[in-house]
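Here the chain labels run A, B, C and D in written order, and each chain numbers its own residues starting at 1.
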Amino acid sequence: MTRPPDEGVYRRTTEVEQQESGVLGNTKHPDGEPWAWPESTWRRIVERARAGRNLKPATWPDRAACAVALSFDADHDTIPLRDGLESPMMISQGQYGSRRGVPRIRAILERESIPATFFYPAVSALLYPSEVRALSGDGHEIGIHSWIHERNNLLPYEVERELSFRSADTLSKIAGTAPVGMRTASWDFSPNTLRIIREMGLLYDSSLMADDDPYELLEDGEPTGIVELPPEWIRDDAVYFNMARFEGLRPYTPPSAVEEIFKAEFDGAFDEGGLFVLTMHPDVIGHRSRIGILQRLITHMKARGSCWFATHAQVAEWCRQRAAPA
Amino acid sequence: MTRPPDEGVYRRTTEVEQQESGVLGNTKHPDGEPWAWPESTWRRIVERARAGRNLKPATWPDRAACAVALSFDADHDTIPLRDGLESPMMISQGQYGSRRGVPRIRAILERESIPATFFYPAVSALLYPSEVRALSGDGHEIGIHSWIHERNNLLPYEVERELSFRSADTLSKIAGTAPVGMRTASWDFSPNTLRIIREMGLLYDSSLMADDDPYELLEDGEPTGIVELPPEWIRDDAVYFNMARFEGLRPYTPPSAVEEIFKAEFDGAFDEGGLFVLTMHPDVIGHRSRIGILQRLITHMKARGSCWFATHAQVAEWCRQRAAPA
Amino acid sequence: MTRPPDEGVYRRTTEVEQQESGVLGNTKHPDGEPWAWPESTWRRIVERARAGRNLKPATWPDRAACAVALSFDADHDTIPLRDGLESPMMISQGQYGSRRGVPRIRAILERESIPATFFYPAVSALLYPSEVRALSGDGHEIGIHSWIHERNNLLPYEVERELSFRSADTLSKIAGTAPVGMRTASWDFSPNTLRIIREMGLLYDSSLMADDDPYELLEDGEPTGIVELPPEWIRDDAVYFNMARFEGLRPYTPPSAVEEIFKAEFDGAFDEGGLFVLTMHPDVIGHRSRIGILQRLITHMKARGSCWFATHAQVAEWCRQRAAPA
Amino acid sequence: MTRPPDEGVYRRTTEVEQQESGVLGNTKHPDGEPWAWPESTWRRIVERARAGRNLKPATWPDRAACAVALSFDADHDTIPLRDGLESPMMISQGQYGSRRGVPRIRAILERESIPATFFYPAVSALLYPSEVRALSGDGHEIGIHSWIHERNNLLPYEVERELSFRSADTLSKIAGTAPVGMRTASWDFSPNTLRIIREMGLLYDSSLMADDDPYELLEDGEPTGIVELPPEWIRDDAVYFNMARFEGLRPYTPPSAVEEIFKAEFDGAFDEGGLFVLTMHPDVIGHRSRIGILQRLITHMKARGSCWFATHAQVAEWCRQRAAPA
């Protein structure tokens, strides 16, 4: 951890993000064109937050066949807010997440006796504090998910760090317990995020995708003890159901096909005795035509055999304790 | 209603819309970067047109299991016109809505004895006045849907207000009765739209999406008495079937999958005893390969049990009268 | 036909096309913002090439239940060429249309004894003249489809006119008979196209979409005698199967779903006793995983009852002769 | 091969690529607007790397009904790297390809006794050299796939040539044998690529798409002896499953539909006695919900009859030896 925070990368990344929807490949990198980079450049980039030890344990609690960690990113109104958009229509779609999505999800989890993890942007928690308290009271975990769904790769180190600490503090005050894990907003894990997670003393992250099963994060080749619980766009409801008027994103995939994908991802985890991490959003999965996916998925999982349904924190703790010595 | 009209927001929103298809998140907001906003900024934005009291009534007329409000946005030629596009091909797609779409829809509604709401841009009504009169004569409701499908968020308060009043007046003259409800074009409800709706003395709006069932709109926390009948992109045929040559929008979802989605949304409404609002467009759903979706959906709804098929105005009036005191 | 050619529109349309994939709605129109246009502006725009008399005949030849006009736009290499793209990979995709697509299509049409219409950009016909002659020799119709798949809305009247006449002349020389109908490339029918079609003395156009069945085109309200055989993006294989690396266009719709759509469009035509126009491309439908759509569609059509399979010219001629007096 | 390398085309192509996601058709070509080009211009462009003799042999080894060439483009971390993107999330998606994708693929190929071809960007091979050696040791072929997944059309001749030779040399050193074939990254075969392939003395290319079966490449009309084994976007897993946050690319097509497409492409090859080339990516097909596509496809192929499963090099060699004299 002697590496200084990476200040130089954020400005360039901003430009890349800005160009990504238009022109690819012509942003100037300080080391020149990628095909002309020295080996040290690409090795440095890939080593920043690398997958290290596989932390899949020999057994799960109660000899369960696999582990299932359901998560809900309760972004609510923060998606338009983070872009400075004031459209009442977009804001109302966020409020739907709290008004309709969360109650439907909560009812299913209660009926099925399944604990889950709810990742809250701090602003979302401040808009709906009683919702956070009720979920926490139900035994669900509350995790960190940025301040206002900001994009970490657009921020310098100090700003990302301050927002991360403030977000954790805000959730602690509202939920009554300190969060132990982070999911970056839009999985926008910056070159500085791992350093900040270590400074915060967190147990786990859930943003990087180098495996299906838990692994230990390496920072510049050094083991960190941080557990990664890998998400994937494939196991994210928003990928298939988002609607953006001007970007060509549409809910083109029918719910039955999304159900097929989620079940196939779970079946792989079950067959391998591994971990199944699923990311949903109350304002996405919570709709009448989609909430059945969650219900039918749970029914399918229970029908296949014994699954350990647990919060992200519980899975991370179990895996960390059983990790073989490095 | 002492808040002055929001003049400052429209210019910025214009820029955001212009950037939305290209670069997100780098438009300057007068209060600075969203992650640096004071709490007062994001609270002001979310409170402009918030969902208040749930207006779902204890019972529907004739003890129906749920309410069904079918609507058709009869945009016809106005989609290319509002963008200043003069392509005869695009114009012909709009004429199809009147020449083929409306007759097919009207025949189904008559055969099934279902009243519906047709929202007309005023220019569309001026192009096809006999169509408007015939639908009105059939007992269908004619609702406000902008002047020429303009984008409200690109307009200052005075222009949006003048076009809204003029549109209502135009429909009154053509249909013979004054419209009582509005659906904003593209659900582009601006920060000034609620204020204008109150000035017009309308019964309801159908543009905001904070719930599935009817609710009362709050303006800056104050109850307005305006009934919101929530639409959703999910329940809109154009989302799945639109075709734009240069934007990557294509009719990727097969009709059978759209039917699956609409039925699942209805089934949720039926099971909950709630409201099902469906938005269609004569030039979209009216095609030979799609009109069957509407017919099969109606057959499915009637087979499930007693549904109250009503216009938006009838639903809004029923819910307003039965609302518990605030 | 006293209206002067529309020279003013092409420059603006160019700008609109250029902005369409980026920013919508902010191109300056000489008459100002569309919501502020005088009525004369939008009436003039919609009247340029309007649908007039319905030309669906009382009966089809041999008392067939409906008419089927299959067409193939043999663009081959012209798609990358028209954009000035020299990528050998893209060029090879065009050659596939001639090397693999046309032979597979020709074999099916011969086996099923179905005449069809092949629309050729002149450059494509010049690259593959023996293919044009062979198809013509099989009894298929050769129709006009631009010079090099240029976009008409980017051209001034004189250029569009010269390219149209030269294209017709080129096809005449190669195929040995003069073409009698036109399909504009990308259905990019400009404000001047109808005037040019009249000057060329053509029988029909197949670019505008105001109906499913044949209709007479009106120019500024005046009957032209030109028969429109309406295509639609819905009945176009490329919409579902195109692949563009940088635009987000992908073949997201599986072949079985495209087959569902085409069959449903045909079934509507059969049930109504109308016309079914289908547009395909040899380099799109000709692939091993897609050619079966055409075969199964033909099998389905023949199984439903007696269909009149005819070229576009045959359908247009039949309808024109049977049209009721204007 | 007396034509000088094409230096002039790369600058213009760069501009076209940059505009492709935004505005099409307005890049200046040195010969002017494509509709005004002299015939020599479009003939020169189409002749650069044209399909010549069909190299489909009279019989396959052991009288197999068809040939199957499975390939895996092991891009791993190079996709974000080639664009200068340093996002740890994107990098982790690449590492997944090595950590999870390759082992699953290797297990299936071993169990089914199928040799395949793995195309490696040199940087990917340098990041995972033991993986390359293990695959080579299993009997799989290692093929050239650029240095760092750079876009050839953005490079001048000398740079493309130097990177191509260096990539081949790097793979030789790691795998222990010299590669004999190339697949350009993103099938971005430049106007100079064929010349470079000839200079390298390669046996085959797998980037161009003018046929389903093998063919000989012509350079400016001259036979080259180079065997083309044609890929297609249709037979590429990434087309359907890619996910790009800002471009509107999403995994909209469910795995069962991708399986339908791949099977239909294979069935065509089987029925014709031809070649089936399939392109996959370890970080795409390797996921739990997708790897079953590969397994079920192999089961389907073996069930249909005797297939010759071979590396690209084996197929190219077989076809070259059996080619009729030119």
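The definition used in the following text is that a residue touches a chain if its C-beta (ideal position, glycine included) is under 8 Å from a C-beta of that chain, and two chains touch if they have at least 3 such contacts.
Computed from a predicted model, the values in this text were never measured in an experiment.
Hey, what angle do you get rotating subunit A onto subunit B on C-alpha, to the nearest 5 degrees?
So the copies are related by a turn of 90 degrees.
Counting residue numbers used by both copies over all numbers at the interface, does the subunit B-subunit C contact come out same (over half shared) or different (under half)?
Since fewer than half of the residue numbers are used by both chains, the interface counts as different.
Round to the nearest whole Å and give the separation of the Cα centres of subunit C and subunit D.
34
How many angstrom lie between the CA centroids of subunit A and subunit C, rounded to a whole number?
47
In subunit D, what residues contact two or more other chains?
17, 21-22, 24, 244, 246-248, 252-253, 257
In the complex, go through subunit B and note every residue touching subunit A.
Answer in residue numbers: 9, 12-13, 16-17, 20-27, 29, 34-35, 37, 39, 42, 45-46, 48-51, 153, 184, 186-191, 193-194, 207-212, 230, 232-234, 239-240, 244, 247-249, 252-253, 257, 260-261, 264-265, 267-269, 272.
What part of subunit D is in contact with subunit A in the complex they form?
For subunit D paired with subunit A, touching residues are 14, 17-19, 21-22, 77, 81-89, 91-96, 99-100, 123, 126-127, 147-148, 150-151, 154-155, 159, 163, 243-248, 250-257, 287-292.
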